[in-house]
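Alright, structures below, take your time with them.
What follows is subunit A paired twice: with subunit B in the first complex and subunit C in the second.
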Partner chain A sequence: MKTIIRNVAFGLLGASVAAASVAGPAEDRAAFQKFYENRFPDTPVDDFKNGVYSILPAAREQWESIEEFPPYELAIERGEEIYNKTFANGKSLKDCFGEDGAVRSEYPHWNKERGMVMTMELAVNECLEANGEKPLKYKKGAMADVTAYMSYNSRGQMVNVEIPADDPRALAAYENGKEHFYTKRGQLNFACADCHMHTAGMMYRADTTSPAFGHATSWPVFRSKWQAMGTLHRRFAGCHNNIRANPYKAQGEEYRNLEYFVTYMSNGLEFNGPAARK
Partner chain B sequence: MKGQLLTAILAASLLTPVASADTIEKGKQIAWDRKKGNCLTCHMFEGGQQTGNVGPPMVAMKARFPERKALVEYIKDPTKRNPMTAMPPFGRNKILTEQEINLVVDYLYTL
Partner chain C sequence: MNQGMKALVLGLALSAPLAVAGNGTTAEHIEAATAAYKQLAKDTGYQWTVTVKAIKAAQKALKEGDDAGARKLAHQAMDLVEATRKQAKIESETWQMRVPK
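== the complex of A and B ==
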């Protein structure tokens, strides 16, 4: 009985968070972050960057011991090689992203000239293609490796996504991502918010769902279930599969806008990728 | 004796829709099957392993839903009672058939 009451109460809270949005992104973000701070009062705010481990003391110890011998270490090494490799035209990724590729906090951002959200993965491929190289696949493999290297060198940078006020299309992209986050979809009828907001911290079988505050800080991740690295859009697609919804294309407009929204919601946290996850 | 028992069973089956050991077992399988009801993802069921806690434990179902029809309708589309609920609309989205939902309800009434 207690659980029922709790669920209804959180449902209403979620609705009020969504409704508060009329006021604009800054107010959305304040309400969003407040929601998680109230719900998980024992979690220091800057710790939400650690995903589900920020709210699960029981699993945290094991995770910390995994992070001591990180399963993504090899990916960083492979990524470094890719990053430094000379292209056929004599250039390299360094010509696009600097000596060490520590550009994580520049993405995602609104590109006004092109009227679209730019992500780090998209920028990597555009750099490759502009130099006559073959683009990489977006969900795993070399793309996850090279962004693991770049994220690693960017650790400690702050999430600070902007929604420029002088371009209504940026706000529209944000609103599109936000709507995606709160809209139920798929045969199982779930919104991202159902699992990662209204029932965040509860158990689906043996899986506790993480707060969405902090969702975009730690990528790419090495996931035990994958036994490999994966990008944020790979994870989006995985969650869509779980609710029997058709996943969208990695780096297509829908997922880029969703990334724009969830990353903006985490403004003020640190980027700390790559990371290990269950 | 035998005749009396038979009459009693017949009378009972006329009063309530027939839930037999067979339909109860079938309902349990559907409720537990990860590809069907997968109810254990969110609800504690007696005897279930790795059950979630997103929804309330499945106990005392007759007391909570004295009316069978209300329970069937609830499982078909729980969003009618709470549009925000995390529980999937098993009937509306054709996750389970009407017949399967009725078997699940036979099982639920044993809890």
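== the complex of A and C ==
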């Protein structure tokens, strides 16, 4: 009898470990969001879209006053010009993204035909190149401006990234992004999760680290440190430099998969870009 | 393999890194560190910025005639490559521990 009980117990233990090890994206997201809700019980869930200001009341007031005359306003205006500019072939970005470019919630998404994650920045450049125009640099400048305009017109759309169940490559891309997020790298031996999950809200020198829940909603941002606009992949690269890891290529597979993961983790929040950040 | 042969193979294996560290020109040491760095990136995707800095500093020192300094930096770069490889191995086995359940 004891042997049977022991075997059943081992079986149950094995089953629970197996269940834990095969947790799918939906279970991952639930555990991820729950982690932040428990860590920051005073923050309403829908406020995590405001990054570090959702957990830092002292800095929030200053940030709100910055948002009254936002430093990204000029970027939106420049972006609008780029968006409406007629290409040499008579077309414009409108032909790819509609009248006002309010397509933020369509990205990132899994492109089944091409077997890859598509991001908004990549789609903008593909539109330009398909129409005989030069592609834009991915980290700042005109790309940040035009996506600021598109994001501004998309404000209020909900993050709703899907991992299609009928294509295992999509899950593999998600898993790749997930592994990247939780893996330590660089000489300082930090994972994204170290700063933005397990020690989120704590001080690193003079700065408080932001929660990763909501990280993907507000791009591009005007960052005080840069005194300019920048894209999400610019920030990824900056983080990697900070921990003394060589950054990956902006819009390369590694960062697109990471964007796929972190955006999926923020499903249910609003897109609220562009934004101002420290 | 008899005991004598085993001891010989073990001895050669242990002395090989020392031979590499001690022999060859400084330029060859820098080249070896550069090749190891590139191979590691290919194998694991892991690269540390400080390793590139050490390699570049070694190249600069050699160009300026500081052979001893250049050799020291080349060995430092090789040590950083090795540390990066260890990090990649450890992380491939442990990253899931950080995922909230």
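By definition in this document, the second predicted complex is superposed on the first by the 257 of 278 C-alpha atoms of A that agree within 3 Å, B and C clash if a C-alpha of one lies under 4 Å from a C-alpha of the other, contacts with A are read in each partner's own complex, and residues count from 1 in each chain.
Everything below uses one rule, namely that contacts are C-beta pairs under 8 Å (C-beta built on N, C-alpha and C of every residue); 3 or more make two chains touch, one makes a residue touch a chain.
Please read these numbers as outputs of a predicted model, since none were measured by experiment.
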Partner chain(s) touched by A:R169 [first = subunit B, second = subunit C, both, neither]: neither
Contacts of A:A206 with subunit B and subunit C, given as first, second, both or neither: first
First (subunit B), second (subunit C), both or neither touched by A:N246: second
Contacts of A:H198 with subunit B and subunit C, given as first, second, both or neither: both
First (subunit B), second (subunit C), both or neither touched by A:Q187: both
Subunit B and subunit C footprints on subunit A, overlapping residues: 187, 189, 194, 198
Complex contact set, residues of subunit C against subunit A: 41, 45-50, 52, 80, 83, 87, 91, 95-96, 98-101
Touching residues on subunit A, where the partner in the complex is subunit C: 20-21, 23, 28, 31-32, 34-35, 178-179, 182-187, 189, 191, 193-194, 197-198, 241, 244-246, 254
Residues of subunit B defined as touching subunit A within the complex: 40-42, 50-57, 79, 82, 84-86, 88-89, 93-95
Partner subunit B, residues of subunit A touching it in the complex: 1, 3-4, 7-8, 11-12, 14-15, 187-190, 194-195, 198-199, 202-206
